[in-house]
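First the structure, in the form of structure tokens, and then the observations on it.
We just call them A, B, C and D in the order they show up, numbering each chain from 1.
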Amino acid sequence: MIRVQAEDFDLGAEMDALTGSRKDIGAVVNFIGKVRDLDDGALSAMTLEHYPGMTEKMLADIEAQANTRWELQETLIIHRYGRLEPGEQIVLVITASAHRQSAFEACAFLMDWLKTKAPFWKLEESDKGRSWVEAKQADNDAADRWQEPGS
Amino acid sequence: MIRVQAEDFDLGAEMDALTGSRKDIGAVVNFIGKVRDLDDGALSAMTLEHYPGMTEKMLADIEAQANTRWELQETLIIHRYGRLEPGEQIVLVITASAHRQSAFEACAFLMDWLKTKAPFWKLEESDKGRSWVEAKQADNDAADRWQEPGS
Amino acid sequence: MNIHYFAWMREQIGKSVETETPPAHIDNIDDLLDWLADLSPAHAEALTDRTVIGVAVNKEFVEPGAKLETGDEIALFPPMTGG
Amino acid sequence: MNIHYFAWMREQIGKSVETETPPAHIDNIDDLLDWLADLSPAHAEALTDRTVIGVAVNKEFVEPGAKLETGDEIALFPPMTGG
């Protein structure tokens, strides 16, 4: 399941909805990404721009790919857009599986992918002005490690 | 922070308490382990026995070790004991870091360790009778991959 | 043909979408970018470093040499920074 | 010396803790396990396969050859299955 939304999300409620009544799930891994103020008080806000329509399509694609590569019982990706303040939640990825290894790997895979291939752009406003967050080589490298032979 | 308890835990509340007011945390990874009924309706309960005193000591040790190996801002380990039914939560590990890679690795490390080195034993009651869960070689192998050279 | 711009490309060009009708011989992304760069100094500036520009046609990523069809929805954007 | 048993060892021996006073020459874990195995058929059975038995002294894991001191808290248990 994927959702692209401006509103915040509630981890506990999402977990309950996804796995609460299930008795066959052994391992659930969640990732939550938050707006981080590296330099205390310097960052006033981060605004996430995205490409409506393409975002949903790409997220559904990658979720399907994760489900092909690992045996997962449930997956959820929620990505927010709009203006967010330090400490606010940006993204939630939940992967549920019978086995912890699959849940861990699929969650890390989805996050590496979101960092480099989902059509989002981040604008930071700080006491030094406004600037677009630049892509990191480390994120590209992290995404590359999931490349399948021949692809 | 570590807790060994019979009571259930509330993921949302634990997350809020740990990271809610922080503005310097970029990545939070959670693992939740649940009692799994592999064969629909066959498992009636799982009882976790542990070694009071040693459990707390070992959990505090491994939490400290994770904090030495990775740059983490917050860590929480909650492990339950006593009689649990299918679908109930057994264990929660939360790792919060500035960077997702550290949070993912530390969480997987802590779980691999808990599977093999924390003094817990699981008794399953199913329609086939009662039996102690046997240790898995795969869990030992998973724990071994974190072995540091020379240790 | 609608062309969408995102992030600093949108800011430099000054609009998030524009409707253009390139001449018929412009039939691939590379040629389209050359043609767009001549529209205004702002376009030229936004399109200076082609190596950092991502392209989507009809909401799918494409390579620079990809062919174009009439009515395609084009999007141009800097490297993505989601998650 | 208090000796704690867990899981199926506890069930086989029939108690979770017992207080024993081994003779003075029993000064390491290996010798203690041999001595305990002679206490009863149940002890002997629980201690049959030493390779699967984990040992803690004063709530720390130890190797089979580890030395013992008077008043140590001993724990014997099968492989752990937490998490």
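Definition applied: a contact is a pair of C-beta atoms (placed from the backbone, for glycine too) under 8 Å apart; a residue touches a chain by one contact, two chains touch by 3 or more.
Since this is a predicted model, take the numbers as computed values, not measurements.
Steps from chain B to chain C, taking the shortest chain of touch contacts, total 2.
Any chain that touches chain A and also touches chain D is listed here: B. A straight line joining the Cα centres of chain A and chain B is 23 Å long.
With centres set at the average Cα position, the gap from chain B to chain D is 26 Å. Inter-chain centre distance (chain C to chain D, centres taken as mean C-alpha positions): 73 Å. For chain A, the set of residues that touch two or more other chains comprises 33, 100, 111. Looking at chain D, residues 83 sit in touch with two or more other chains.
Each chain pair that touches appears in this list: A-B, A-C, B-D.
Those residues of chain C that touch chain A in the shared complex are 4, 6-8, 10, 56, 59-61, 75, 77-83.
Put simply, chain B touches chain D in their complex at residues 33, 48-51, 53-54, 57, 79, 90-91, 111, 114-123, 132-135. By the touch criterion stated above, chain A contacts chain B in their complex at residues 10-13, 15, 19-38, 40, 86-87, 98, 100-101, 103-104, 107-108, 111, 142.
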